[in-house]
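Have a look at these structures, which come just after this line.
Look for chain A in each of the two complexes below; its partner is chain B in the first and chain C in the second.
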Partner chain A sequence: MVILGVALAILLSPGWRTVREKFLSWHFFKMSLSSLPTGFWVDVRMFLIIEAIVLVLGLAIALIRTLPAPVLFPVRAVAVVFVDVMRGVPTLILLYIFGFGFLALGFSFIPGDETILGGAALACSYSAYVSEVFRAGIESVNPSQPAAALAVGLTRTQALRYVVLPQAIRAVVPPLLNDFIGLTKDVALVSILGPQEIARIAQINADYYFNYTPYVAAAVFYLVITLPLIRIVDHMRYRGLQRQNALVLM
Partner chain B sequence: MSAPSVLELRGVTKYYGEREVLGGIDLAVAEGCAVALIGSSGSGKSTLLRCVDLLEEIDDGDIYLDGVAITDPGTDPVPIRRRLGLVFQAYNLFPHKSVIDNVILGAVRAQGMKHDEALAAGHALLDRFGLAGRERDFPDRLSGGQQQRVAIVRALMTKPRALLLDEVTSALDPELVGEVLGIIAELKGDGMTMLIATHEMSFAREFADEVCYLDGGRIVERGRPEQIFSDPEHPATRRFLARLLQSTRI
Partner chain C sequence: MTRRTSLAAIAATLIAAGALALAALPGAAAVAAAACTSGSLSLVHKGQLTVATDAPAYPPYFENNKPANGKGFESAVAYAIAGQLGFPSSKVKWTVEPFNDSYAPGPKSFDFDINEISITSARAQAVDFSTSYFNNPQAIVVVKGSKFQHATSLAALRTARFGVQVGTTSLSAVTAEIHPTSQPQVFNSSNDVVTALREHLVDAIVVDLATGFYLTSGEIPHGTVLGQFNAPGGDSWGLLLAKHSKLTPCVDQALAKLRSSGKLAAITKRWMQSGAGVPVLK
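Let's turn to the complex of A and B:
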């Protein structure tokens, strides 16, 4: 009923004709389909590579932060500063710093490719967030679990590997997937450094045709990836709730 | 008790911050004997067992396993824990692993037993303790009594020199207590050396060779079960047993 109301309001709005022409032109939508997939493929590749790095780096940071040994304080301090800075600075500014600032240092080992530099900025930013998700997962495991693991004779590393981490990761899969959804969209931010990914191509098309439909077309491409992910997260939440309820009723 | 001591504690002292939780405990458990630790909650029974399994560091005194000090600074706790079996009050099974995987984890990863051998040994023990057919179930599908029996089997898999039982029946519904006590009686019959923290007085009376009453982290009275339960000397023991008797009547 509400959806119907909103749809009616939009259709009857004074500017609807202009909006339909400028944003929902079937003609320009079809024209965009020739160039957008190439840009989207850049996004998908970037997303997959950055995500893999984020998972490894995020977990490594989380593990470093949960190490108890006093002698490892300096390493922990570095991890804390990294996470604080990366979470505290807007992603857009990080992209500028990585994309232009690091490049300007002139070191030969710093790659000149903006896609790589932008990807590195996103990887650092998301690793900081994801490390906090992993850390929450690790801390959510009851201390009796590592105690039981040690009691059966496992070393601390084995207890972490076989007992703590599997439970921690299972607990944080829904929030992790939420971060993935965020990353799929934030990959578009790299376009500010120049790479021709889908948002940049949509912008070029929009400027060229003087019509915004390419943006809507790009949005449809994103939805193809994000909607299934969102459904998976919901499904996992639902299953988690069901499991909890089943335990309560037992 | 002329047999050599499997476990011996001399002046074991432990502090949590400023608070003394164990104050100079002297104790010996001879081969094949069972020593029961009784006392109200917070008297130090669980801490004592955790100290013996080296899950907690002691602040003073020594603990010996087969005549060798295991609490010397620099001693690696892992091989010691592999020679002891600790069973927790709240079972502490690994919820992400099936019954059989819970049972064989320590044997395979800590003891280096071959997977097939561990499986065979695990199945045999589960079968012996009435858990045949539950191997593939996850812990949350089992009753409390069954979970505790799995936890005991898990501890037995490493063929421990001594079994440390921490209030193994107090989290169980009264009708499930019997099935766990039955197993412990069986193990006693097999000649297993045991140090048992318990609230189950009938059990301590029947199976313990020696009963120690702990109060405020100290053993205030010790002796044969028939003497402790029918003719306690120390006023604190008398009060404790009277309270216990009263609560049982209610």
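Let's turn to the complex of A and C:
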């Protein structure tokens, strides 16, 4: 009823005709369907590569931060500073620093490719977030678990590998997927360094024709990727509750 | 307050504003036609002409990022139009309007927007444009020492990596006229385009010719304007107004007067360098 009412109110609003013309024009939507896929492919490739790097780097940072040995303090300190800075600086500014700033240093080993530089900025930013997720997962495992593992004769590494991490990772899969949904959308930010990805192509078309429909079309493309991810997160939460026999409480 | 008194108050304000304009600029107000004087115009803010441009505002169109100083080509054009409409400089207020927002549906926050906007028929479906106040061809800028420095035709530039600013006609000009082998890089602002050229992320950038002159005279000291070429359909700039704005015929009238009196040509000469010396690439 409420949804119907809201829909009716929108349809009867004085500006609906303008909105339909400027945001939901079928003509410009069809045009976008032919021009946006090449840009979307750029996003998908960037997303997949960055995601793989983030998983490895994020877990590595989390493990470094949980290392107990006092002698490793400098390594832990570097990890802490990295996470603090990468999480604290807005992604857009990181992209400018990586994309334009590092190149200005003039080192020949820095690739002059804006997609790689932008991808590196996003990978660093998201690794920092994801390392915190992993760390929370590791810390959520009850201390009695590694203690028991050590007691039965496992080494510290074996305890981490076979007892702590499996439980930690299972616990953090939903928040991890949540971060990846964020990443699918943030790869669009790399466009400020030049590559023509989907949001940029939508902007070019919108600026060319003075019509916002290409943005709406781009949003539809994003939903194709993000909606399944969101459903997977929901499903896993449900499964988690089921496993702990907690459904009865809901 | 009753409706009657508020209407009277509005009328009084309008008359006062009109009188003020007449007192300040008797000549300009007298030449403007009856329907297009400051007192009778429908404006976003009563009694003042609200003019928009993007920020930062770049030379040679604006100077020191201060549109209100009257310096720079578009600032000068805006004040000249305001003068024709009967507004003294003190009644011209500037507002920032990002280019991406300028064509949004709904009420506008400006009376007109002057921001190097190219007139196209597709865009004219969404907004009103004045008649053109400037024609600006496209310019190709490279750095000295580039392997493309001695290119003498557009075909010789096909393998170059191009950088352009988003929303400009430069992108469609590059795509349609040069057919580059790699996709042009598109940047948010003119500054980012310049940075990309400096750091060799791109081999060449395409900007309007006047901007090309400005960039190579200062911001890119090693830069050189390789040549000029025309975007398909040319590149005429107009003031952007709300669709069906009552002000559109008035600014057109003002521009026509500035054209016939030679004032527009004088402003153009004062702020814009002639492109006659730059080779036309085909």
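Going forward, the second predicted complex is superposed on the first by the 245 of 250 C-alpha atoms of A that agree within 3 Å, B and C clash if a C-alpha of one lies under 4 Å from a C-alpha of the other, contacts with A are read in each partner's own complex, and residues count from 1 in each chain.
The definition used in the following text is that contacts are C-beta pairs under 8 Å (C-beta built on N, C-alpha and C of every residue); 3 or more make two chains touch, one makes a residue touch a chain.
Given the structure is predicted, the values throughout are model-derived calculations rather than measurements.
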Partner chain(s) touched by A:150 [first = chain B, second = chain C, both, neither]: first
Between chain B and chain C, more extensive residue contact with chain A: C
First (chain B), second (chain C), both or neither touched by A:22: second
Which of chain B and chain C A:236 touches, first, second, both or neither: neither
Touched partner set for A:162, first chain B, second chain C, both or neither: first
Partner chain(s) touched by A:100 [first = chain B, second = chain C, both, neither]: second
In the complex, chain B residues that touch chain A: 50, 53, 55, 77-78, 81-82, 84-86, 88, 90, 92-96, 105-106, 109-111, 140, 154-155, 157-158
Of chain C, residues touching chain A in the complex: 99-100, 103-106, 120, 122-123, 125-127, 163, 166-167, 171-172, 183-188, 192, 195-196, 199-202
Residues on chain A engaged by chain B in the complex (per definition of touch): 144-145, 147-155, 158, 162-163, 166-167, 170, 247, 250
Touch list for chain A against partner chain C, complex: 15, 18-19, 21-22, 100, 103-104, 112, 114, 191-196, 200, 203-204, 206-212
